[in-house]
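As written, the chains take the letters A, B, C, D, E and F, and residue 1 is the first residue of each chain.
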Amino acid sequence: MKRVVTFGEIMLRLSPSGHGRFVQADSFDVVYGGGEANVAVSLANYGLDTHFVTKVPDHEIGQCAVNSLRRYGVGTGFILRGGERLGIYFLEHGASQRPSKVIYDRAHSAISQVKPGEFHWHAILEGADWFHFTGITPALGKGPATVTLEAVQTAKELGVTVSADLNYRKKLWSPEEAKQVMSSLMPYVDVLVANEEDADKVFGITAGESCVTEGKLSEAGYQEVALQLVERFGFKKVAITLRESLSASVNNWSGLLYNTKKFFRSRKYEIQIVDRVGAGDSFAAGLIYGLVTGMPDGEALEFAAAASCLKHTILGDFNLVSTKEVQTLAAGDQSGRVQR
Amino acid sequence: MKRVVTFGEIMLRLSPSGHGRFVQADSFDVVYGGGEANVAVSLANYGLDTHFVTKVPDHEIGQCAVNSLRRYGVGTGFILRGGERLGIYFLEHGASQRPSKVIYDRAHSAISQVKPGEFHWHAILEGADWFHFTGITPALGKGPATVTLEAVQTAKELGVTVSADLNYRKKLWSPEEAKQVMSSLMPYVDVLVANEEDADKVFGITAGESCVTEGKLSEAGYQEVALQLVERFGFKKVAITLRESLSASVNNWSGLLYNTKKFFRSRKYEIQIVDRVGAGDSFAAGLIYGLVTGMPDGEALEFAAAASCLKHTILGDFNLVSTKEVQTLAAGDQSGRVQR
Amino acid sequence: MKRVVTFGEIMLRLSPSGHGRFVQADSFDVVYGGGEANVAVSLANYGLDTHFVTKVPDHEIGQCAVNSLRRYGVGTGFILRGGERLGIYFLEHGASQRPSKVIYDRAHSAISQVKPGEFHWHAILEGADWFHFTGITPALGKGPATVTLEAVQTAKELGVTVSADLNYRKKLWSPEEAKQVMSSLMPYVDVLVANEEDADKVFGITAGESCVTEGKLSEAGYQEVALQLVERFGFKKVAITLRESLSASVNNWSGLLYNTKKFFRSRKYEIQIVDRVGAGDSFAAGLIYGLVTGMPDGEALEFAAAASCLKHTILGDFNLVSTKEVQTLAAGDQSGRVQR
Amino acid sequence: MKRVVTFGEIMLRLSPSGHGRFVQADSFDVVYGGGEANVAVSLANYGLDTHFVTKVPDHEIGQCAVNSLRRYGVGTGFILRGGERLGIYFLEHGASQRPSKVIYDRAHSAISQVKPGEFHWHAILEGADWFHFTGITPALGKGPATVTLEAVQTAKELGVTVSADLNYRKKLWSPEEAKQVMSSLMPYVDVLVANEEDADKVFGITAGESCVTEGKLSEAGYQEVALQLVERFGFKKVAITLRESLSASVNNWSGLLYNTKKFFRSRKYEIQIVDRVGAGDSFAAGLIYGLVTGMPDGEALEFAAAASCLKHTILGDFNLVSTKEVQTLAAGDQSGRVQR
Amino acid sequence: MKRVVTFGEIMLRLSPSGHGRFVQADSFDVVYGGGEANVAVSLANYGLDTHFVTKVPDHEIGQCAVNSLRRYGVGTGFILRGGERLGIYFLEHGASQRPSKVIYDRAHSAISQVKPGEFHWHAILEGADWFHFTGITPALGKGPATVTLEAVQTAKELGVTVSADLNYRKKLWSPEEAKQVMSSLMPYVDVLVANEEDADKVFGITAGESCVTEGKLSEAGYQEVALQLVERFGFKKVAITLRESLSASVNNWSGLLYNTKKFFRSRKYEIQIVDRVGAGDSFAAGLIYGLVTGMPDGEALEFAAAASCLKHTILGDFNLVSTKEVQTLAAGDQSGRVQR
Amino acid sequence: MKRVVTFGEIMLRLSPSGHGRFVQADSFDVVYGGGEANVAVSLANYGLDTHFVTKVPDHEIGQCAVNSLRRYGVGTGFILRGGERLGIYFLEHGASQRPSKVIYDRAHSAISQVKPGEFHWHAILEGADWFHFTGITPALGKGPATVTLEAVQTAKELGVTVSADLNYRKKLWSPEEAKQVMSSLMPYVDVLVANEEDADKVFGITAGESCVTEGKLSEAGYQEVALQLVERFGFKKVAITLRESLSASVNNWSGLLYNTKKFFRSRKYEIQIVDRVGAGDSFAAGLIYGLVTGMPDGEALEFAAAASCLKHTILGDFNLVSTKEVQTLAAGDQSGRVQR
């Protein structure tokens, strides 16, 4: 069984149920999630030996976050306890022309305050096949950025494949900061995942004149972006997720993979959205699963695209699907017929 | 007032609410349902004198099933008490590309253990105008199969019209078993209802090369199926429901009726699905209502199609609509404008 | 800050949650709403100094209605206490081909029993910039009709702009009664809002042969209606909302404004509906906001259309959106992309 | 199987869940109930052939009330449809020193508007063994009072035993009105049920100086009340329920029966209250069950007291218990040990 | 109408519903509360012109906190917008031997970051009759401590009566810090409220050897505490709340008032607890209401004790009761009988 | 870290929420539990390396049971997949005089169908310090009984301490069957746990004339029972839980331990019950924790009693408390004061 380690923040997510607005809520649905935690849960669901590394406060709310991972089989033995608080984000689900809304309350979280040396990366990554992080983790502060660097350096030493999802968050840092920090991490990265805006925001690499708010995506543009990324940082593979937001209720979704030799474009899904948060993470997890288990690149991309298509239909950050469910969809059955 | 009797199993249905997955649920919505019970509730809602015959265990959960029928006016005086357990099925509602999922836990149910002679069919069917069962009931075991035969034989003796819905369930029996048992029951059946797969699975009668997972349905093919069914078993009428699964959220739905002389095809509905379980039963009930109350065949078919279109918008197995609501839709008003 | 006063009924609204039918409900979601109260909440949300005038019974349920307004910043200092009961309406949300259903239980409400002279309109309207009512209020009975007349007469004396939404309700009065009473009020009205049926029902002014249930709307016809309304009553502006009911789940929605010189037609929105009750009120409120804050007519219309588009995505009668959210949509961004 | 008919009003009951206050609620739990309907449900649960007679509006909310009765096996074939509205009451559950609160919104209900002659009492009471009503029904208005008189007169003609629960409601009528109307009905009554205040309020018959708010009850005083009632109206039996309100959470509860020869006092229960509404009705139903099935008076009283003790532990107006559960408690087992 | 101003923090409170533990929750009930906000809501409910002063972040969650106050009639016009986050606390309700548990996540809140001079105290307190704060506010940081000092100094200048509730929070500061800061504020305070531990923790003033965990309270000891407080700081009145924790489900509760001349002891209540958070605040509010409206001291104390007794029966921080409800209990009716 | 293994059945538990009756429920709260699973969760919460051994069907509902254990840190690596169904039990919470009610639907469960040799006990118990089972497991059928014998024999070989909880279930087997099977297992047991009825039902060993339904327990009688058990089977320790059922809402609870030399009696707790299912298991787990970590016997007993006291306050079968919480209560603090 392949062993994958991911590192980052897990937050308490609070949402009004259904399509309720924040100002209407007198209860919040509670789930826990965060980019790398979401990837870990996907991979544990697919049956890999998966570990999530983070730091959570030593109280019940921190424990709840840990339990949310254990429940789905993620290894939590490397999680540190301590620090001030668990990061929180508030999510309001949109509908039709009304966008979903996220309010972050993640500053001062335990993981954002970690110091270099707190994690024993050799012990953590020993025997691992893959290490994954996203651009959110180094954006949390200098401590996490340095610790991420420790992690990827150790991974390289130990021969662990490294993947990164750019995941630019404008509330956490400026493009300038992102560019500087991420550029120092990219040399250790084998597989890069990005969405249609990240490459531009973080590295100033653009997809030509495609205009995402009007729902038009130029495939050629994205290929160009992938090429530039490979040229600049020497990635072995670059994957890009392509979202066309027709409304808060319906999106088109697909992915693209460039392996320095060939471009692959996945099937495109028109999706009636239940919860689109974590879709990018589920794509990254699908891709990692495909690659770490030895699928051909095109198949891995289709697995990633199908997995993340399904994520849109599941409440919460976590993509709670099995490999069999993903494979059925990747094989082309979009009929949604009742499985008895 | 026409009197209709249906016979079969009623189960406890447990579902995560909304679009929740099984693994996320910490409560289950509770309803009760089953093919013939669903037909009974529809007919009681339409104002007929309707009775459902089954056996449930003599405890509160069995009583809940009975109460769910009484609540909507179904006669429950012929229901036996005893046996080990009430059948259960777990239902997870799908969305978009994610299919709904059913897990059956129905083995050893009270009704599956019934013995020949337990039901007094003469008393039950005396004065009835119509008797209905589905292919699920004989599939539950030898006892139920024999009891179904007792029922249809008695119905014939008493001049009660008999309808059957093929409703093939692969988890309950093999095609071979189904063919043998159902073939022995068909001679007593006046009106047959089937969906696009049943005739093939049970009798090996196929609809040509139409491919349902790709959403294409050949009308000619279904006419051919209906013809073959009539030829083989001498039914007075055969109705077929046609579902095109565009996704778990959107289906096209229509019906077809062959009365040995003429083919009727109903209006086709594009439906945004709330809950599609029981749609076939609501179609059968609509057809029975139309025929037993003397509607012309084409009108009965449109009533059935409209009734079952509406079922897709209602949570639970039961189709909780009035004749007036069905007639308004059957008359062509799909606008969904607020009724004040 | 502009000051707006609205006058009418606020009711307790009881709905089965989600797509549940009345006969399935063992709890009702509770909100409060009514045409003019809905307008008041919208305007308070937009930051205006807004007051709602009504009468509610002097018990906790009456207080709940008041609190629902205070919560969103509506001034409730002019609300009278007394009378027998709070009006109630039951709402069942439709889906797909199944229409939403409203059952009114509003007779004998406190506001329907008010007597001339109970409200001190001079004190209430002193310093106000705008007064709004709908055709529902005078339809509640002779008392409310007379009190509405008192209000508009006082408004005119004080130089307050008056708007009215025709809002014909067939359960409250006949077209003949409506025509007589509304005709006596129209001379005081500056800005009229109506939907595609109101002008016909109340004044016999028709939009040609357009057939709304088949989803066809003739723009020319509506322009003609607007022209006739201006000619007959001398309004400064007439706005008409245009709804195409494709189903209970999807509607097209737009608006039209005639300012005696020019016709404006808003962008048309295809909406996946969460709750369409109060959409007309949110349009009226958007228009009032635009006009009272000095937007050009075309811009005010787009603001009104965008505001009421968003209303369809919000549970309850109230349109809980900010000016910024409305402006973003009015500016053309329908992508529904997550706002982080 | 004994046949019992009860007559009166069934209302929609709306309550904040748990211990929520009205002003906090954004949903209401929905049940249906009313004095005589509650008695009918108890008796149907005990296995009698029970019918409830009333009038409800011809819409879904009226139908919900009917369904709530059918669900538990009450015959609803004599219920009329029509009239303006279904009566409503709002209930807030108290706790500790905070009392429960009821807000009535029952004026203008369908049943309150019935006219003499609307019910065919001969057909309804033919073959019945017992007829029951409470003082609430005649208090609803002249129509219901006259119709009640029709009912009890017919009952007498047909030899049906008649019971009445005084159930004085000060919001419905004055003591003077109550005295006049109830005095005209009492001659037809065989068995009277009352609580510690009713006899005083309705007939001016008092229980000495016992002070119920301080929780002291003089048994001798109640015996005296029972004696006076028998003397004045010639009842065959008089039963009185005795409640000591220690707080909204804990009450003592017992009953007393005088059969013109002997006084019986039931076991006294200290009850942790879940929902005390309908307790008096459940006592009356227990007594009727005991008497109509031939229990000795003392045993019938203990059955009534145990039944109504259990009612306090059940949400809603209806006492959803079986004869076996009542008998176990009446036999002395208050241990509440888990029944496996 | 008397005008009262309170100043402090309002937090988002998140609790598992019912008796659920944090680790079981997949939703949190949402209310908003905080010492001085709770006092403000009580006073607004009693009909006073009440204003709450704080700072909340300029996003929807901040707005929710404001709306929670407006809903109950508290003036929110002086609330500032800005800062990083809204303070949060997590509350788990205990039962029987299991204590309730509070986890604070309030650091870095907007109000904790306020700077001297941000609030215009002259404008805020102009025309006010009373100003109230608790020891929590200065404990939030230097900024809030200084701003509190500004407030009480301004109050003194304007002749506004000042009350303070010691409310020591060990998670916010040490006894030494508390003593220093609170000692500088006490000279401006007219009326002091404290519970059985505060005086000890903040000022080292002890109640003799009474041991609160064993449920014994020495009245003489508390009188001595009150005397010492008056001697040291010159308060006009000192009130102490006395809680005997029999378990998480049942507490005894009473209050004591010393007006420099006489000691008053309130009725003692044995309470079945629904939610005890905010009980001290509801006592302070009751006392302020009594004193500002001119009740004699003993009566004001009984009002305060009865008000806070009722608070224990209400979910959330706010005491949602009317003066009439408080007065009924203060007058001695603890029976909890249903109010119809 | 000590390693503990438990073996038995885990079931899906379905309960109406709050105090709802089965016949009222339209949803069921979902938890998972079973005697030995409950013990495992307690021990994992206390920080031990705990493993639960069972067999569950290979579908999502089986997976849910596994996830419920993983969530709280129980090792699930030895759980087998397969078989027909997961056992179910329905639980209705009682209140006051109304008992809680359990309906079992556990026949044919996967674990009840296991065959000898399916579990590799050497691998499972290698390195373990303690093995625990209850009398429920062998009662499930011959397979489970034989497999239990395999387990305890292996445990003995490997020097693993063995504990058993008699836990007699009359629905599963007769006293005769229980006696025969349990007698064959007892020679391998070091520590026996029983409640006040088990020893009588299983081995005919009685506690004198104490009458549990009247709430009287003779301590001497229980000592005699413990003595007899030790004499007959040579246990090293026998613990007995003593429950006095005052009502379904309030119980007294304590425990007794006999270590062949001395009798210990724990503190007695009067408990306001939230959920008493699993209390015996939480006592056994507390005792195991105390003994395996080396507490003196008296201390271990107090830990067990305090742990199981707290269990009564927690919904679900699992006792979700920490060692610190148990120790605080065991040390005598029953005050339930809020922990901030």
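Heads up, the rule we're going with is that a residue touches a chain if its C-beta (ideal position, glycine included) is under 8 Å from a C-beta of that chain, and two chains touch if they have at least 3 such contacts.
Please read these numbers as outputs of a predicted model, since none were measured by experiment.
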{"item": "Self-contact between copies chain A and chain B, residue sets same or different by half", "value": "different"}
{"item": "Most distant chain from chain F by Cα centroid", "value": "C"}
{"item": "Centroid spacing, where centroids are CA-atom means, of chain C and chain E in whole angstrom", "value": "42"}
{"item": "Cα-centroid distance, chain E relative to chain F, in whole angstrom", "value": "44"}
{"item": "Gap in Å, rounded to a whole number, between the CA centres of chain E and chain B", "value": "62"}
{"item": "Sequence positions of chain E contacting 2 or more other chains", "value": "18, 21, 23, 26, 67, 72, 101"}
{"item": "Chain B-touching residues of chain A, taken from the complex the two chains share", "value": "18, 72, 269, 271-274, 306, 309-310, 312-316, 320-321, 325, 329, 333-340"}
{"item": "Chain F contact footprint on chain A (complex, rising order)", "value": "67-68, 70-73"}
{"item": "In the complex with chain B, residue positions of chain C that touch it", "value": "18-21, 23-24, 94-102, 104, 169-171, 212-213, 215, 245-250, 276-277"}
{"item": "Residue ranges of chain F in contact with chain B within the complex", "value": "14, 17, 21-23, 25-31, 59-61, 63-64, 67, 84-86, 88, 90, 92, 101, 103, 105, 107-108"}
